[in-house]
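Single-structure report; data block below.
Naming follows writing order (A, B and C), and every chain is counted from residue 1.
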Amino acid sequence: MTALLEVENLAKSFQISRKHRVDAVKGVSFRIEEGQTYGLVGESGSGKSTVARMVARLTEPTSGVVRFAGDDVTRLDRAQRQQYRQDVQIVFQDPFGALNPRMTVEELITEPLVVHRRGTASDRGSRARDLVERVGLPVSSLARKPVDFSGGQRQRIMIARALALQPRLIVADEPVSALDVSVQAQVLNLLKDLQEEFGLSYLFISHDLSVVEFISDQIGVMYLGELIEEGAKRDIYANPQQPYTRSLIEAIPTIEGRS
Amino acid sequence: MLRYLGMRLLALLPTVAVPLILVFLLLRLAPGDPAALLLGDSATPEQVEALRETLGLNAALPVQFGRFLVDVLTLNLGESIFLGKPVVEVIPQYALVTLEISFFALVVALVLGIGLGALGAFRDGRPAGRIATALSIVGISIPQFVTALILIVVFASGLHWFNVGGFVPLSQGYFPHLRSIALPALALGIAESAIVARITRGSILDVIREPFVTTARSLGVKPSRIASVQIIRVAALPIITVSGLLVASLLSGSAVVETIFGIPGMGRLLLDAVSRRDYQLVQGVVLFTGVFVILVNLVVDLYYAVVDPRVQLGRKSS
Amino acid sequence: MTAPLLDIRELSVTASTASGPYDAVREVSLEIPRAGAVAMVGESGSGKSLTALAVAGLLGEKLTPTGSILFDGEELVGMPAARRREIAGRRIGFVFQEPMSSLHPILTVGQQIDEGLRAHYDMTTRQRADRVRELLATVGLSNTRDIVGDRIGQLSGGMRQRVMIAMAISCEPELIIADEPTTALDVTLQRQVIDLLASLRERLGLSLMLITHDLGVVAETCEQAVVMYGGQVVERGDTRTLLHEPAHDYTKALVLSIPTLGDTRRRLPTVASVAPWLSDTRQIPLADRPLTEMSQIAPDHWVRSTTAKDAA
């Protein structure tokens, strides 16, 4: 069965100055099956966000291939990118910066529909109502602006917006890292519910191994631009192969405390 | 630091090119024949043609510019038609007077401006702060000549501390000389202090809110020391930047006070030269002022780099 | 039993806002024993940071503390500013959350640590320079290159946090208040900072007030914990007890809603599912309701009661 997303030897280098080149991502390969969540975990500088941006086609890879539903989407022209954007959406970390403060929630959620010219105005209106309820916000939210909402609520707005085009894959770059602990739980639950209801696939990026383990089916560990270990969620925790993965696990403070 | 200096000097070249090109075009863009303009209405066509030859106005434009550059570099700036002397002999004495007044005015502007601005910032919301801020707003609104006239009325005609105008050269005594330039320098300085005050206040208020100020408080550092060491270091940066522009403002504003107070400075020289169409002199003064301001800004840039070494790395300072 | 180093009794912090005064912290009481470590746990808006700032004397102009904060027997609330400054840094040190913005952007590391020393000690320049190097070594920054002359922009995130800690301990305080010192850091750096704080506690006999929302960090570093919600203390006591047998609904929700490694749950409990009365938006928020009593349910375990009418 063809995976929904296949990434092969993806690499990205940045030429900082004549002598200085940064290899942010070096030859990363993985697959995401339909309806599954692939969690990419790593610390800052590991390259995980760069991978997310390349999959979401916000950045061009220096080399390597990205295949979506079997088709090569690495080098797309404008029209093809438009189509790809409808299939793959991205949710960012910062709920405060990612939403235009001058737009109402309804405008924000329907903006992707407007850009891709989907549906009439009344279609869009009812879609906005559906989506806002689906993410657990009252319909009255539609007329308000982001400033009226908390971090967790704004993140839900972002998720509603990402769902507008009925994508098949959502790339979530640290979507809960800036949220309070209890709100984090709500958003994670929401993401899981939506996945079940719509058959979504997720590429979930985070530095928090516990969160990644909770939400993912497959986990990839990144270190200095390379994917050093990969496995099903239970295996990574129960049987870490690489020393880095082990140190990552051991570093996490737990409620049990240290003995 | 040396590398930074080198880069700034390199950046200087295109900047200096601008006044040079403008001055070059000044004469040649004036409507009518430049030579005819120089000679006036009573000139004969032969005289005009002769002057054209002398000035090299018949050559191609790039060639003219080349000769112009050579002239500038060898300080061959022509002769003042009305004063009958080479431009390079005329300018220095006037320039010195203007620079002296501008220097004192700069001191006044910075001391008064930073003082008012700091007061407005550290006593923000309290009476002293509000008065200071109000004063600086008033200061921005009042034109220089009004300030000058007020000063004359109060201190010269009223209190007789100063003369109502007139310039006493240094050769006639130190104190009389200073007395004659005190009011013009004050007038000029007060007018410019308002901008300095506004920028100082805004800058300090921004820095006060920064988290690192709280850290200093947590260490028990006295507020006066936090202000003088930590806050000033960062807040001074915009003020230093503005100083460079301030110098340009002062040099041009000097023309106003020189006219009011009857001071033989470069500003008045320029105004007279313009009204008399003494093109060579105008050209000389504009060139001098332009290059001077550029050099001052270079010094300001270097000083900025000393206060905030991050600039040398080529990254932004914020 | 010796008196606690820090004894907070019914501390309230009132904010004067455009729409009137508002109690951001309500009658908080807690104790920190000498060489003890207490964690202030809560989410944003709980009042934990404001409580810490009140102890350190760093509240902004619009925030007024009332009640009592006894530090080694001395009353901090209403203390004259000059005496406050003597205590700040010398007896109470503060580690801030974001070292990038909490450290001076232009002054060097050496100059910044120097400021604290100058404020409290009469040392020569040479002596201060030696002390700076000593401090950097204590926080583990000496085997890397000499950073005394560096500005913070030239350091990595972990190094910056260590510089922050070095500054906080520079004048040998008895109490260190650390506001989310690990939140902005990667997991491995987090571990280093936690270990560093623990070793410093042991070596220097420091008391620690640790503000965090990370229950794992709490479990590993502090013997006692104070859980805050809506500006008030909802539960406090021995850390193990609190985390394994939480009595207050909010604490329960907090403990249950965090995913842990090896977690087999399909959905995470949230405050809404564990304690619906707390998050029900149709009711008055807890922060605005009158305070109920704190009752002691075990030698080292207090919980704020939730009366019948709250649970309706």
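Keep this in mind: a residue touches a chain if its C-beta (ideal position, glycine included) is under 8 Å from a C-beta of that chain, and two chains touch if they have at least 3 such contacts.
Note that this is a predicted model, so its numbers are computed, not measured.
Taking the mean of each chain's C-alpha atoms, the chain closest to the overall C-alpha centroid is C. Chain centres here are C-alpha means, and the one lying farthest from subunit C is B. One inter-chain figure worth recording: subunit A and subunit B are separated by 55 Å, centre to centre, where each centre is the mean of the chain's CA atoms. Centres computed as Cα averages put subunit A at a distance of 32 Å from subunit C. Centre-to-centre separation between subunit B and subunit C, using Cα means, comes to 53 Å.
Residue positions of subunit B in touch with at least two other chains are not found.
On the subunit B side of its complex with subunit C, the touching residues are 210-212, 214-222, 225, 229-230, 233-234, 307-310, 315, 317.
For subunit C in complex with subunit B, the touching residues are 56-58, 85-90, 93-94, 96, 98, 101-107, 115-116, 118-120, 151, 153, 164, 167-168, 170-171.
By the touch criterion stated above, subunit C contacts subunit A in their complex at residues 43-44, 157, 186-188, 190-191, 194, 213-217, 219-220, 239-240, 243-244, 253-255, 257-263, 265-272. Within the complex, the subunit A residues that touch subunit C are 43-44, 180-186, 188-189, 192, 207-211, 213-214, 234, 237-238, 247-258.
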